[in-house]
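Letters A, B, C and D mark the chains as written, and numbering starts fresh at 1 in each.
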Amino acid sequence: MTDKYIFEWHDRVRDYECDIQGIVNNSNYMHYMEHARHMFLLSRGVSFSGLHEKGCDVVVARVEVQYKCSLRPNDEYITKLYVTKEGPRYIFHHAIFRKSDMKLCIRAHYVLAALVNGKLATSYPELDELLQ
Amino acid sequence: MTDKYIFEWHDRVRDYECDIQGIVNNSNYMHYMEHARHMFLLSRGVSFSGLHEKGCDVVVARVEVQYKCSLRPNDEYITKLYVTKEGPRYIFHHAIFRKSDMKLCIRAHYVLAALVNGKLATSYPELDELLQ
Amino acid sequence: MTDKYIFEWHDRVRDYECDIQGIVNNSNYMHYMEHARHMFLLSRGVSFSGLHEKGCDVVVARVEVQYKCSLRPNDEYITKLYVTKEGPRYIFHHAIFRKSDMKLCIRAHYVLAALVNGKLATSYPELDELLQ
Amino acid sequence: MTDKYIFEWHDRVRDYECDIQGIVNNSNYMHYMEHARHMFLLSRGVSFSGLHEKGCDVVVARVEVQYKCSLRPNDEYITKLYVTKEGPRYIFHHAIFRKSDMKLCIRAHYVLAALVNGKLATSYPELDELLQ
């Protein structure tokens, strides 16, 4: 459901991100999603470094990526995301669409945990606000 | 179980692979595993390009990565792997260990499918041999 | 002289492009300039692959990069360029400015040669048009 | 002259470092040279972070790279280097050779300056030792 998404970031493939097969290398989609995630946090006034200074470290525990369709040189793409919570964990749900036809290229889930002073926290105010 | 692994690749962290937090960026572990996977295939005399020329394309359908412990500058690491099959899909099971103490850093599963002339194949001889 | 520039590309630093020192890794500026160069060629209707199909290969012979000021996370930047010719060689002159204050970060020169059917060409029509 | 070199680092091309043309992307040679340079410093017991803590920052002022021959997937290569001094500047001279036939692929010069407490230093003991 497209309407679940609360943030989107537009960008385009850079040639050096493509490999010998002429498609974006599998690993680079993780860079795309990290960048979109950081832009989202920034748009909400939250920064990992700011959280860290308050004693809250956000760590990636698990990532699952499904590859549906490959992006190619010069393709423009849109990375969308929304956030849910499962127990103490925050789940970032990402999808990458090819802009020309909005075809789904990537679907991914990032499971993040908040460590407050090194201990797993069941919730954290600034992260809870990201749930919208 | 360590004894399941049928291939290992030794390497060391390069400083530029680390990010502002002083640890290897999440995405770069996928590069490490891709490189180990290609070295494994090469050790068995199988190449993606060679398969392609015979009309067999191996595509990544899904990846799941669990982050256990971060690698840091100058760390040496060992990427291990073994392969299983589930229905028509080949699963590459990867683990990355820090060499100094063999601590598990990453556990990951890559689900690959073989497309022969564009259609999902239930099996492919050269890939079946990778099952050992 | 700013007015020499005939193309500019706006982008922003991605966190994963920064290294342990908290600044963009030296090598990544080359990625920024390659991307701007390809966007420039695209804007002129020229593609490396298209040239290749006509038997003209454009190869990088030499690069010189001067580092003036480092870009940091979240910085927006503008890559500008113009092209000159020296004998048979095409020189791409790049500069990267920090958008917030237009401070010069990088100045670079890429020396390219056109090989037509494997032999150094003294000129090539589609490249000559890039000289404006 | 090969005998000028005082350090060498052996490594092999990773497939993801190659681009659509099937050759190592121009920018990645800078990663290769940075890694060799850091391995050299490490072999001499010098670390950038250690120098920084003593108030000495080593900054790259200029890089010049000549491209002689492209590396390809599976190529093994050797990065060699030596260091000279010109006035207050330390010059790292790099060359990358293809291991199979020792063909020269890259020749490069990195001009580094030592800033002690933010001011250009004419020399610095630990860096002078790198001159052999």
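Going forward, a contact is a pair of C-beta atoms (placed from the backbone, for glycine too) under 8 Å apart; a residue touches a chain by one contact, two chains touch by 3 or more.
Every value quoted in this text rests on a predicted model; they were computed, and no experiment measured them.
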{"item": "Reference chain A; chain at largest CA-centroid distance", "value": "D"}
{"item": "Distance from the mean Cα position of chain C to that of chain B, given in whole angstrom", "value": "34"}
{"item": "Distance from the mean Cα position of chain C to that of chain A, given in whole angstrom", "value": "30"}
{"item": "Computed distance of Cα centres, chain B from chain A, in Å", "value": "22"}
{"item": "Multi-partner residues of chain B (at least 2 other chains)", "value": "15-16, 20, 25, 27, 31, 34"}
{"item": "Pairwise touch network: line, ring, star, complete, or other", "value": "complete"}
{"item": "Complex contacts: residues of chain C adjacent to chain A", "value": "14-16, 31, 34-35, 38, 42, 74"}
{"item": "For the chain B and chain A complex, residues of the former touching the latter", "value": "20, 25-28, 30-31, 34, 49, 59-67"}
{"item": "Contact set on chain D toward chain A in their complex", "value": "15-16, 18-20, 22, 25, 27, 73"}
